[in-house]
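Each structure below appears as structure tokens.
After this come two complexes, each holding chain A, first together with chain B and then together with chain C.
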Partner chain A sequence: MAATTHTAKAMDARAAGQRLVNQWLANVHSAPERGQPVAYVFVMGNAVEILRVFGFELVFPEINSLQTGVRKAAPDFLAKAEDYGFSPDVCSYVKADVGLMLSDMAHPSGTRIPRPDLAIASSLCNVYIKWAEIWERHFGAPAFVLDIPGKRFATWKPIPGTAQYDADKRWVEGQLRDLISQCERITGKKFDPDRLAEVEANVNEMVRLWVEILTLNQRRPAPYNSMLDGLTYIGVLNAWRGTPEGVEYMRLLRDEVAGKVARGEGRVRQERFRLIFSGTPCYVNMRRLVELFETHGGVFAASDYLTYAAGGLDSSGLFYDPSRPLESLAEVTTLASQLGLSNHFFSHHTLAQQVKDYAADGIVYHGIKSCRTVATSMADNREYVTTRYGLPTLYIESDLIDPRYWSDAQIKNRVDAFFEVLEQRALLKGGK
Partner chain B sequence: MLYVAGVDVGSTQAKAVVLDEQAHVAGEAILDVEMNMSSAAQQVFDLVVASAGLTPDDIAFTVATGYGRYRVTFGDLQVTEISCHARGAVAEFPNTRTVLDIGGQDTKAIRIGDSGEVVDFAMNDKCAAGTGRFLGAASFALELPLSELGPLALKATAPVKITTTCTVFAESEIIGHLAKGRRPEDVLAGMHHSIATRCASLVRRVGLTPEITFTGGVSRNAAMVSLLRDVLDTPLNVSAQGHFMGAIGAALYALDHARAGTPGTRRASVEEVAP
Partner chain C sequence: MAVDIESSLTDVLARCHELSLRQDIGEDEANIAIGYFPVYFPEEIVHAAGLRPHALLGGGNRIEVRYADARIGSFVCSICRSTTELGLNGSLKGLGGFFAQPICDAAKHMAGIWGRNFPQQDPQILALPQNVNSPASVRYVYDEYQRLRGILADKVGHEISDEAIRGSLAVYNENRRLQRALYAIKRDDPARLSTVEAYLLVRAGTRMRREKHNQLLREALRLLPQRRIRPMDKPRVVFLGGFCEQPPLEMLETIEDVCFIVDDDLLIGQRWITEDVPEDGDPVWALAESYIQRSAASPVQYDARKPKEDVLMTTLREARAEAAIISAAKFCEPGLDDQLALSRRLDREKIPYLVLEFEEKMTSFEQMAMQVETFAESLLFD
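Then we have the complex of A and B:
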């Protein structure tokens, strides 16, 4: 009977997540009918909290694009953008979005994506700014670029109370005030700081639960796979960030994952190797990639993607202070960028800590054709963890959603060889 | 007497060896892979067994390796060519700490640990530049058999600089140089240098730790051996059996299993081919 209860429980979180995604897409689709303003935002550095205060419906073009990959529809959208003149080297997320624009915004999910009333980009990715310019031209909607100061150099740390920190924070806060003025003009509503405090309290609860969920995967066997289950979790939490529905979902999810831990249920039937996935997913073949690892008993116990693509929710020590909501939003936005999002050249310490926390046997780096910037740090990072900790690592390459860069035989060969390395290592250590 | 086999089905050729109980080579065979990897594997297996004066029933254990390893339907176990080349190289040159294998469409640099285990590896990604296929393009453009490319390149006096990294475009670059009156040996030396430079970069990626053993079909090319020594600025171990190193490594794994009496985990079937 216990197994039946577990299945029902497992269905609950999955069904709740699916229901929320469907509801969000339906809300997006019908926003123009309701006269609800629409904002396009990215998953990093997006000031969603302010948009929620003004009642914007949120569109995440990155999620639209990745969904074309998940739904195996990406080639059509990419081809439209390339036929239009975009180089094959341009980020496939951008091209899928351009393909969507050239398809009258008819998304393969069945959603008609409405035009934006406002678009927010940030300096956390250089492509974001150019991408937002495309929206500006195509839709005639204003783009607001948040300039968030990043990390300065390897040993630099943002220290609250220092002059530099205060200057950075004020710089971001000033921009948030400009954004608020723009939102007031677009919506005709006056800014309500109490509503911002409410949204922030919800985000805080989501952060707390998310950190708990991430930590639960330190247990052996890992209750979920970061690069399959985890990707669906962050989809929901990005779309419902700062909402009561988001909090409720996260609570349900936490309970479900905690239940699996209590019962000793692992994602993989026989967990043999615990791995960390570093980099971005290949949404077009993610299930296949995970299967290649799971057939060898390898589970992705952790991934840095579940932190930096979770809308800044990675900042485990960073919670809003709803008693001073705007100032606090500026602080967390700045710190999340400086600590979590802009330091990929210096992320080896974080990764090394994850290796310890999650008792990882190896790290898998996934470089993507779409973003050489993200892949740039991987060579340094690999070199550091292999020489410093003697940890086996694997580098594989494909793309976010462009199936032309997925070479199954090559990737399978590398994965098989990686597990032979792990097996040999385990044999020499006398374990497994 | 106990006999085992290693079958290496690569992108261009299938190689097989039979080892006896003392790990001596009792037979070897090689043939070109055309359309059907499974039948190429079967044929090369039949050839190697015959060359050893045996029948298939005499083979106690067979390990398959190479891209076509899952097509070797009679294989008892599949092991990647990364592990097999490492194993073969260490067996012949025990002090090997780095293996460079240049194959038909893959080039691999493998770092070896003190116990002969694979510690790390790097391979060419998404592009066949720096692999044997690059020489295939030269062979086609110059209408020369592969075996003549190396000796001719060694006669170069003024090597050209090949700038393209694309195997397909390399052919037109070769034709362009020939049209300008450059001598074939100088063009070939440029091609070899281009491959050597890319391979050296791959080796540095895993750490250039001596001794370095050069394996794979291209290790039979004297010009490539010479250029790699220059580019890497270090001696290279090159085996007369370099071409068979993957198959030898596979057969050594087979010998482990045959001696230990452990069963294989036959995973191969025609259906079980990656999509």
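Then we have the complex of A and C:
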């Protein structure tokens, strides 16, 4: 049985995205039948380009876990992991995945997630590595830890050609070569640099379109909500990265978003406030969360989540040079990490810049109980941004998929109070 | 004579204890103390620059948190919180530098917090790698150490010579030999040296020049064999969970009331390198290579050569321990994640164990005492 492909043409982007997601899940499901090797990868720092060269089917355990939240099935999976012995304080994505393992990999989407032949865990979130250790034990599949050095401090600038940059790039390239050898051993195939160049050319096109789509949301009214529509976009972008289908989808999406801008159509009927969202979504209640803002005419014009959950390639518009595919992969992987993916540790300046770029009225920080990668120092970040830049900010806390941490009344109160502040500021500025 | 020995030892330990309680940087050490967040740091390079490495080990259970709660998530471990507090309350204002390592996601944020609040301390991440299994890893660590060397040279205003680093390697090699000797006593003759005592002796090294610490350890090692001891019958256990956030002394005492802790991972960064670092050749390369090739294990360092369960089994066997205490700091994702894998293996091997969770700020130990007592009794009578 061959993997199914579909054309995204003659459909709206939403339907096309949905079909691609379904198709990807079907491909994942049938990979063992087709004898296709399976790799587990994360959204940040995953070297997907190499895996595509070797024909791996990709499983994104983060997407599996978030889907348990979206489909309201997370509590069962979380309970299984906690009963098995995992502390309630462990990242809920990890626990949902352990729950899935304990459910014989039967995912609520109807997909049976196959076992991995290889798992890649980058150091961009240390939990990825702990998570991969669990797979090593459960599936006996080797973990490949890809250490990608991030920025060392807030104003760190990787400058190509400097000794420092070369050192980091050399390190990443060395590991990518190790990964290639490992893929050759697993698949029995030889590495084909031309195929890598092809995949990179597709990624380049996707990134170019993605940056355009992000930039279109700088327009007023914002054509989409980065924390609702945006989440669907990056799901497709991740699952189809480096493929012609992915390029086609991004093109369709760009045209659609550009059309909305041309017609002056906004996501919110009467856009009053433009906001930047910092942090991860609350997948169990994202619609509700967005609704709390949209009823006040607030739209999330941009979010740092769209940078790191999409692999960081939009940061500073990074493109591969397919004429030197492997070196270029090492360069871009290093730069994406240092310019985008390790930013949440030092995101104060970037957030302030986003406020300017998107003409935003404030920042909403969403602290996630189980995600220390994103949320540990948000409160400090907020304090800095408020005092240094005088920006209105809101801090709310819940979880990615664990509904026990969602407190509707409390969050609603805080959101309402935040909008009162925004309204007052608007009045002082001469009204909106 | 025995009284003299005991009182000399008591003096040494009292000095160590006093140092462990001290939260601030002495004025005479302003800008000389270079702070680093756990676990491991290539102290030799700092030492060779004429500066003093200062391990940041949290605030213990006597600190009042007034500022940090408003700056850090409620779901973050205590060492991150208390270290932030020590920064905000001015205790660490004398630091001449601040380094965090990518040991976990919370620790990486410490560099961000420091950067926003204490930029004058030039805070940053020393990016030690999570992949130590690649042939390229030694070169990468070497490059990162050279970066550190450059930063420190800028601070002191002169180059740090290979000769100076070689000198520091010798001092630290001796220090590690002395620490190993201390741990050998604890393992072979635990009634002679308790874990709390060994811990305080090791911890003192984070607050003084290594030459002085070597002297202190030599003195302790001279006195210990002469100490009068009473034979005691307690089960021999290995303690895990002290690699980063430090368990309160009272917790260790509680365990030691009923068990001998014959090996542990307390302050493992101080003993990270397990053999002498070669003193010939390029000293920075030797240090980088030792980080990869002659090193211990911890939950915050992935290493395919050292599956955590195997490491624990070897430790238990070498320490001739009959049981394990698997602890983790509250909200410490790496520690908590490992507990399960370790306990599954112990179950399989039918080795008794006790799982504990702690916080450095704990002040009440009654409940833990009951748990540990029941555990120890089960070991003695089963």
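The definition used in the following text is that the second predicted complex is superposed on the first by the 417 of 432 C-alpha atoms of A that agree within 3 Å, B and C clash if a C-alpha of one lies under 4 Å from a C-alpha of the other, contacts with A are read in each partner's own complex, and residues count from 1 in each chain.
One rule holds for everything that comes next: contacts are C-beta pairs under 8 Å (C-beta built on N, C-alpha and C of every residue); 3 or more make two chains touch, one makes a residue touch a chain.
Keep in mind that what you see is a predicted model, and the values were worked out from it rather than measured.
Trainee: Evaluate whether chain B and chain C can sit on chain A together after superposition, giving fit or clash.
Mentor: Fit: chain B and chain C sit side by side once superposed on chain A.
Trainee: Does chain B (first) or chain C (second) touch A:A375, or do both, or does neither?
Mentor: In the superposed model, A:A375 contacts chain C only, not chain B.
Trainee: Give one of first, second, both or neither to describe whether A:Y384 is in contact with chain B, with chain C, with both, or with none.
Mentor: In the superposition, A:Y384 touches chain C alone.
Trainee: So, does A:D83 touch the first partner chain B, the second partner chain C, both, or neither?
Mentor: A:D83: touches no partner chain.
Trainee: With both complexes superposed on chain A, which partner does A:D192 reach: first (chain B), second (chain C), both or neither?
Mentor: neither
Trainee: Report for A:Q424: first if it touches chain B alone, second if chain C alone, otherwise both or neither.
Mentor: Touch partner of A:Q424: chain B, not chain C.
Trainee: Which chain, chain B or chain C, is in touch with more residues of chain A?
Mentor: Between chain B and chain C, the winner on chain A residue contacts is C.
Trainee: First (chain B), second (chain C), both or neither: which does A:E291 touch?
Mentor: The answer is neither, since A:E291 touches no partner chain.
Trainee: Tell me the contact category for A:A409 with respect to chain B and chain C: first, second, both or neither.
Mentor: Touch partner of A:A409: chain B, not chain C.
Trainee: Aligned on chain A, what is the least Cα gap between chain B and chain C? Give it in whole Å.
Mentor: Chain B and chain C, overlaid via chain A, are at closest 5 Å apart by C-alpha.
Trainee: For chain A, which residues lie in the overlap of the chain B contacts and the chain C contacts?
Mentor: 369, 379, 397
Trainee: Which of the residues in chain C come into contact with chain A in the complex?
Mentor: Its residues touching chain A are 70-76, 80, 84, 102-106, 108-113, 115-117, 123-127, 129-131, 133-137, 139-140, 143-144, 147, 299-300, 302, 304, 308, 328, 330-331, 333-334, 336-341, 343-344, 357.
Trainee: Going by the contact rule at the top, pick out the chain A residues touching chain C in the complex.
Mentor: Residue positions touching the partner: 84-87, 89-91, 94, 121, 123, 125-127, 129-130, 133-134, 137, 142-143, 145-147, 149-154, 156, 164, 167-168, 170-171, 173-175, 178, 342, 345-348, 367, 369-370, 372-373, 375-381, 383-384, 397.
Trainee: Quick one: in the complex, what on chain B touches chain A?
Mentor: Residues of chain B touching chain A: 67, 78-83, 106, 113, 115, 117-123, 125-126, 205, 274-275.
Trainee: What part of chain A is in contact with chain B in the complex they form?
Mentor: 288, 369, 379, 386, 392-393, 395, 397, 405, 407-410, 412-414, 416-417, 420-421, 424-425, 428
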